[in-house]
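Paired with chain B in one complex and with chain C in the other, chain A is shared by the two complexes that follow.
Moving on, here comes the complex of A and B:
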């Protein structure tokens, strides 16, 4: 009677445990006083009732505030639409510039991609904060911030689609004697179009979300109102604004999702 | 022969263009919306004219001689931002993972599932800055507020990705674990987790990358970190320091993205065969 032959345990079982230990250690260090995030349990115990009051206020939106929110909300949507439109107009040619099949010159591609990597690393609110100081308060710095943010994302996603597209038609175009710009115009563009439209709708969704908070740094839209309301601790009015943002975001997401599903 | 003769001399027969009424209408609607937005927006377009020159001038002010003497403080604030992102991610994972299991089809009761999914989508629709504004009435202007806001925001995205991942697993191992008499926890441990672990880990890392960016933004309302420092120096109009801070933000974000991206690729694709 031989014992059941059990295969040896796979090696490397210590790895998940080490990773978990490192994560726990880092988390503990970050909670230490003085060095960490300022976890102060005594203060939380002192203040939690204040928080409870705020949440009760949030649960009862001040509907009479609605008329004053309409204007800023419209401005938010205008910023999102204009930002998306300008961003899309700039992104389309740049996407062709950044993709291998449509721009065979390697170093120009590399330069553009490098610049865009840097552009993408800065959050749009940081752009807005700096631009407000340069151009002044209003919707314009917000729109420019959205355009920068959009170009970074759309060019990356669309140029990746072009990169992975079928090269056969492009070769056919070249064999028929087309110049690079003719090939891009008549072969690559129709191919990349659905991806481009879909990504543009996607950044429109992002823009609607982003433009609601751009006003917190003075860049126009409903964010200006959020900032005003929070300085006066009017959480009932804040709650109305949150409800409005929710409705707009959910409605526009649903519409844009439906359109995108039809495209693909 | 007589039949074919006219066809030779005729011009090349090009098939008619397909008519796409829906597309045409969509174009008209989109154009109308964009034109209306441009036309109705109250924007000082006149400022746009000298904008390029202004931007070049400010870029010069910011980056011609960045103020490196403030670098130690910038690094300290960056550390606080990264702490915010890290704690926010860890808390988000701890809350979202159990919830995403309950929200997955086949594990939680239907009403709870619907309620949780609705909650996830509500949380995703609200910007993290708004959560921070609500939370700071309890925790004050500390990085902890930022971390908690990121945790709440993280529950929305991680919860959604999580239940989608759990629903997409192959049913075989789950059935096997059930057939062997496994409890729900055992089914999760041996039927679901081995299949979804790489996906979950890569979502967690991806969320950490998102949080690093978001934590720089949360500083704008004063909870500390690099964003806080950036807004202060923008308001003082100390452009050489702003330039240095922007360089720090870009370098740190790109570095963390690169490391995290490598780990994610390693997790999803496995080690290279040697």
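Moving on, here comes the complex of A and C:
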């Protein structure tokens, strides 16, 4: 029996441990008062009785409040649907514009991607707050905020899918004498379609969640009602709203999952 | 009536094959690689030319220079009397519309139907709004059905391209080229990804479109028996230059050794 010559093990096994130690150290430092956020865990112990009362209230939803929640809930759903549809319609052509295989003109790609980075950097609640000041209170600023938020996400994700796709079929379109727009429509679109639908469903779910809080800044939907009941400490009514949102989110998740499965 | 016969006249003219003329063509890629070195060649309308050579010999560059997918760095490229070098935009697209191309990797859009893939061959002749709506003309659909029928793929017309086997996909790709009603068909290693019997079937399709429709066919191959069997003329390439040009049938193993720069082995044949 001859001993096997195993090549020496490469160095660098300590790396994950060091990384974990660094992360723990940084987190601890950030919790220290004075230097970091000054986390006071004792506050939980001091206030637990108050918290217990709230939790008990939350556990007993006020079902009689239901009729008043229907209108705002529907508005929330409508905002999410309209925001998703308009956002999708804008995102589709822009996705082709932002991807290298479907837009060979480099500087237009760079400009669009730059704008989208800025659009994505702003949270939708901040958009809504600013838009309420511009176009007034109601569903409209909420919808515009959702559209901006959706375009930022969908264009980024779909254009990245197009970037990583096989360019051979597009070359065949070029060889057949097609313009870039025709090639994008007849060859790139069918291949990018599942990614586009899947991302649109994903932002629709995000929109339903987001449009529940947009009302906090006056941009329509159930958020306005949440703000009102919270101000009056009606945790039993808040609880009902939370249950309703939970049901809607679970139903939408199931439906969009089913659609996605059929797609791929 | 006069209108109809005038249209028919144009169609008859449209099926006339084109010749290809390269004069002192060199191609240097942006990374410095030389694809072609001062290549001059004249291909007659209706020829079936086999271009042979090892990978990197420049045969793929040669074929792509003809439809302008690869721009010539110097020299002139002419198809059917039209200049390809220096052409761009609408003029280049119109010329490309007359030249069908078949690729080694088939290059079909996998997630859409065979019909939609074949209709890509009508892009140069279809207005943008029709393309965007997917509303192709009835005549264009008819052309697509006829082309699919010619390669025996009509039964698969509604299937997804990705659901087909390699040989079937290459046939669909040939149908896509035929739907252009091309005057030239360029085939870049069309059988390199296929098994021997399937490869022969695809080569037979290419030969039939050359013989039955009279279309000029230029096909890149690296297997010498296929080149000998199917080509009427053979062009051998090495290091970006044409090192052999003559009738394909009478090309000897010594000629191939000259083209490949080494002696011929069993691996150079389809049927070992």
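One rule holds for everything that comes next: the second predicted complex is superposed on the first by the 218 of 264 C-alpha atoms of A that agree within 3 Å, B and C clash if a C-alpha of one lies under 4 Å from a C-alpha of the other, contacts with A are read in each partner's own complex, and residues count from 1 in each chain.
Assume a residue touches a chain if its C-beta (ideal position, glycine included) is under 8 Å from a C-beta of that chain, and two chains touch if they have at least 3 such contacts.
Treat the numbers as computed from the prediction; the structure is a model and nothing was measured.
By the touch criterion defined above, A:213 reaches chain B but does not reach chain C.
Using the contact criterion defined above for the overlaid structures, shared-chain residue A:114 touches neither chain B nor chain C, since it reaches no partner. In the superposition on chain A, A:178 makes contact with chain C only, not with chain B. By the touch criterion defined above, A:169 lies against chain C but remains apart from chain B after alignment on the C-alpha atoms of chain A.
In the superposed model, A:93 lies in contact with neither chain B nor chain C. Between chain B and chain C, B contacts the larger number of chain A residues.
Touch criterion met: A:186 reaches chain C, while chain B stays clear of it. Those residues of chain C whose C-beta lies close enough to touch chain A in the complex are 67, 69, 92-101, 103, 105-112, 116, 119-121, 123-124, 126, 128, 131-132, 134, 173, 176-177, 180, 186.
Of all residues in chain B, those touching chain A in their complex are 33-34, 37-38, 40-45, 47-48, 51, 54-55, 58, 80, 83-84, 86-87, 90, 121-122, 125-127, 129-130, 133-135, 137-140, 142-144, 146-147, 213-214, 216-217, 220-221, 224, 227, 230-231, 234-235, 237, 242, 246, 249-250, 253-254, 257. The part of chain A that touches chain B in the complex is made up of residues 23, 26-27, 30-31, 36-40, 43-44, 47-48, 50-51, 54-55, 58, 74-75, 77-79, 81-82, 85, 117-118, 121-123, 125-126, 129-130, 132-136, 138-140, 143-144, 209-210, 212-213, 216-217, 226, 230, 233, 235, 238, 242, 245-246, 249-250, 253.
Interface of chain A with chain C (complex): residues 166, 168-169, 171-179, 181-183, 185-188, 190-191, 193-194.
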